[in-house]
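Here the chain labels run A, B and C in written order, and each chain numbers its own residues starting at 1.
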Amino acid sequence: MNHPLACRRTARLTATAPAPSIVRLRPWSYLVALILTASFCSCTQPKHDRLRFTHVFDALAGPQHALNVEWVNNRVAAFRKLAPQIGVDLEQCKWDAIDTKCMADFRSGIAHDVVMSSPQLLAKHNLVGDLIDLQPLLNWKREEESEFSWNPMWQTCRLDGKLLGMPMGAHTRVCVYNKEMFRQVGLDPEQPPRTLQELVDYARKLTRDLDGDGKTDVWGLGVYFGPSRATFEISFSPLLWHFGGKAWDEETKQATFACEAGVKAVEFLRDLIYKYKVTPRWALSGTYDDVILRSFLNEKIAIGWGWGSYWIQALEDAGWIDGCSPPTTEARTLRAGIFLTPTSTHSQFVNSWTLSVHTLTAWPDISGQFIQVLLEPNDLLKSPDAGLPSQLSVWQRPEFQTPFFQVWFEAIKTGRPMPPTGHFEELAQSVSTALQEIMVKNTPATTTLQKFQQDYNNRYAGE
Amino acid sequence: MRLLQKWILYIPYVLFSLFVLFPFFWGLRTSLAEQFDPRLIPSHFTLRHYQTLLSRPDFFLYLRNSLAIASASILITLVISALGGYALARLRFKGKSLGGLLLILPLLPPVAILVPLISYFQRLRLYNTLSAVIIANVVFSLPLTVWMMRNFILSNPVEIEESARIDGCSRCRMLFSIVLPMVGPGLIAVALFVFINSWNTYLFAFALTSSQSLRVIPQGILAFLGTWGTYWGGLCAAGILALIPPVALFLVFQKWFIAGVFGYQLK
Amino acid sequence: MPKRSYSNTAMVRSLRGSEPIAYAFLAPTLLLIAFFLISPMLSGLFMSFNKTSLSGLTRFVGLRNYQFLLSEERFLSNLQLSLLYVVCNLGISLPLAYVSASLLTRKMRGTVFFRSIFLLPWIVAPVVSSLLFRSMVDPAFGPLGMLLEKITGQQHVMLAEPFWAMATIIFHSIWRSLPFMTLFLAAGMAMIPREFYEAAKVDGAGPWKQFCTLTLPLTKIHLLIVLLTITLWTLQDAETVYALTEGGPGYSTEVMALRLFKESFINFDLNRGATLGILLLLVGLAFMISYARITAKEQD
């Protein structure tokens, strides 16, 4: 073998005096160490000398998201024209992690400037203290407030006298129905149900076994009961409000979802699956869009409860409505129609994305300017995720005066936000889990709800 | 009869392969079907999902970041674990028996350690850089890779090294010019192991970076789980595209990897 | 001659005992691990003894976090599910791995091709494979759901029933670990010379006895490594469980690792997350010690 000989020869050439083995490293290893150190040093954190905008859009995730990212880039370009002395750094986080990241970064001393957040979590942000009051930054005038305060969601943006988030748009939910199926069972497609009783009756007529194999092929009513917080927000809350209850009391700061109204709401939902048999069992798993969006488009459900305004494009793509996305004056419904949630209050959950400013921001005033650029209504219309307009003046335009959009307008006006508790996620988790236990394992409604309410209050009452 | 017997021997292989491959067939089918098509064999195929993915520059940005992180992690891990593994295998020093403690370190769940780690990196001014993700990948692979290198070096006959020692080779030079070439397959096995770990982990990039320009492929894949809907076609297409580099590497280095991890006998 | 004297000194030094260069070789490893693994863990241990309010006030509460978790019904269910997950995963895939390993050790054409295929479940990202499984058990059009319906005659919504949801999770992790285990054990088994088996057959030993007396003891190292890696991976697995069921109907598929992830990253309760991390570490240690005990006992 050559190696031992090579060692000997090289040893003769390089050996001088006996030296400790540690320093007898080859010259090239010093070079490698130098290169590695240099590359590490060059990879250090960029200085905070540009405005940071943290958003939730990933251009890769589909054509809709690409439009959102285009909107962001367009707004950044517009902002650069207004304030050319400062650059903009775009940061991105997944939509369900952005708020926690904001709070965790605040605790670790990591700074951000403009961030997107959700109104359900603004109460938690208020307690953590990682978002600042926007009123001084936006030169807020009282008259301007009516542009936004018509939306019930505005209540959650204002907490303790501070304005913590500016709504980018409005998302709400209505009930959608398949007009063709209405015709097939002899119901008038222009007369959707207006009360809960009518809804159940219609749904029973619409639940059919098409091929005679004993298994239901079309279900009358699709409601989502999966393990995510959409169950609490979209399925349970409207019924809780219908029966006169609320999930969390602002005076005592305690959960109250196990009240009589809550029990009635749960029993109504349970009856949909087991007594009236108008809702499929597979609504208990899967994702919200699987159970409502896809099933409706695949004609497995005739009426969909909690159809979101973010799915208008999907109906337009399927050809079931026309001229609605983007909104035109000829908006009309073809195969699918919408109606307000047929509860006594017609209330559904209303929310949106909100724009906020991080406490550790280096430029509060410039952040305020950037938010104003982002809220330009004409450009906001081009971002699918922004939703329906948040500003009242936009709703006065002719393309939003069509019957189709007036239903959505009513839905927003009668809508309600989620309770301003600092532990909203835990509340939503508790209720969704309680519902799953009741529906899947058939535990008694009253005791299960009370157990979960007690658990929640033991830990989080008061915040 | 003999021919039939030979073909029968293939049956377990084929069955096992079907078991292994059926989710991939499903993924391929979903990535080529229209978005809301519920049938098992879709009515018509479309390349639209792949087109949307590849037409955006972002996909190549994520790919570049993932590759950069993976290659840097591999280089650094190889160097450090070669040194450490050699020390544990051949050198005598006080405390050598504590080397077994290295096997306990993988028990630490990364999720639990991540939160304090974020403040460390912030204090080191490395938060929101690729270096942070690289260091995290290296550190979490180190215990196992050092142990693997130790085993590979141990499985080599020690006589060659002893004779080199007698001829006056320094430990350092011996490591780099004698031992490492002999454990070539082992090095490749370690490199592929680190590559797979850093290619597939979402956790470190998610926690330690926020810039749009530093995103990696797993984050890109999870982005398809949108706020109000999942874009399944794109998700499956992205998953399949993300599979191509590791599979290509494995096909090229397969012989050495199998030899390195599973022993030289399995030819 | 100077060269000789150097090498003599070195050799003498190495023969006598420790070589200080070892510390230099191990320094990068030890420094990185101490700084980036051990000290965050100690910091996590410290956090588990505190409680931080949302506004940032931290106070020392001693073992109260641990007391709370250990007496909580949900946590006990988490612990049970984690143990069930590990035991079922190993209990089903280990015998299957041995069986398929024995079928695959024959030398045939195309083994190279098959071996690359078998590595695929390990190569694919856990997120991607769990989402694929999730779409496959979809009640609307997932093939696995339809298959189950044909077998049992009833329509099951797999992810909405606690039993079937856990079964899906376990099936997914078996799918991921079985090929890897098979290859590993096959390597171990290939090292056993055929003569041993032939001698055993001559002695009249049936296949089960051959397995107990020959295969098992001689592949012990491989078995131990496989047990350790798969246990570790299963215990720490929050990603795939989250992608498949998000904790399942109620809390019926919420394993400890998932609970940790939810508490730390969704509920922003870092102290409870740290406590769960320490408890998860202890469970892992318990598994490790029992494996060491079992294999050591068999040696006697």
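In this section, contacts are C-beta pairs under 8 Å (C-beta built on N, C-alpha and C of every residue); 3 or more make two chains touch, one makes a residue touch a chain.
None of these values were measured; they are calculated from a predicted model.
Asks: Going by the contact rule set out at the top, which chains touch both subunit B and subunit C?
Replies: Of all the chains present, those in contact with both subunit B and subunit C are A.
Asks: Go ahead and name the chain pair joined by the largest number of contacting C-beta pairs.
Replies: Of all chain pairs, the one joined by the most C-beta contacts is B-C.
Asks: Using mean CA coordinates as chain centres, what's the gap between subunit B and subunit C in Å?
Replies: Once rounded, the distance between the two centres reads 16 Å.
Asks: Can you work out the whole-Å distance between the CA centroids of subunit A and subunit C?
Replies: 34
Asks: Once you find the CA centre of subunit A and the CA centre of subunit B, what distance in Å lies between them?
Replies: Here the centre of subunit B sits 33 Å away from the centre of subunit A.
Asks: Touching two or more other chains, which residues of subunit B qualify?
Replies: 38, 115, 166-168, 170-172, 222
Asks: Which subunit A residues sit where two or more other chains touch them?
Replies: Touching at least two other chains: 8, 11, 15, 21, 97, 104, 107, 290, 294, 298.
Asks: Hey, what residues on subunit C touch two or more of the other chains?
Replies: Those would be 3, 6-7, 10, 19-21, 140, 265, 270.
Asks: Tell me, which parts of subunit B touch subunit A in their complex?
Replies: Touching subunit A: residues 36, 38, 52-53, 56, 58-59, 62, 76, 115, 118-119, 122, 125-131, 160, 163-164, 166-174, 176-178, 206, 210-213, 215, 219-220, 222-224, 226-231, 234, 238 of subunit B.
Asks: Report the residues of subunit C in contact with subunit B in the complex, numbered from low to high.
Replies: 3-4, 6-7, 10-11, 14, 17-23, 25-26, 28-29, 32-33, 35-37, 39-41, 43-44, 47, 100, 103-104, 106-108, 110, 112, 114-129, 131-133, 135-136, 140-141, 143, 175, 178-179, 182-184, 186-188, 190-191, 228, 232, 235-236, 238-239, 257, 260-261, 264-265, 270, 273-274, 276-278, 280-281, 284-285, 288
Asks: Looking at the complex, which residues from subunit C come into contact with subunit A?
Replies: 2-3, 5-7, 9-10, 19-21, 24, 54-56, 138-140, 155, 157-162, 165, 245-251, 265-268, 270
Asks: Across the complex, what residues on subunit B touch subunit C?
Replies: 9-10, 12-13, 16-17, 19-21, 23-24, 26-27, 30, 38-40, 79-81, 83-84, 86-88, 91-94, 96, 103-117, 120, 135-136, 138-140, 142-143, 146, 165-168, 170-172, 175, 196, 199-200, 202-203, 218, 221-222, 225, 232, 235-236, 239, 242-243, 246-247, 250-251, 254-255, 258, 261-263, 265-267
Asks: Which residues of subunit A touch subunit C in the complex?
Replies: That would be residues 8, 11-12, 15-18, 20-22, 96-97, 100, 103-104, 107, 124, 127-129, 215, 227-228, 280-282, 284-286, 290, 294-295, 298, 300, 422-423, 425-426, 433, 436-437, 440-441, 463 of subunit A.
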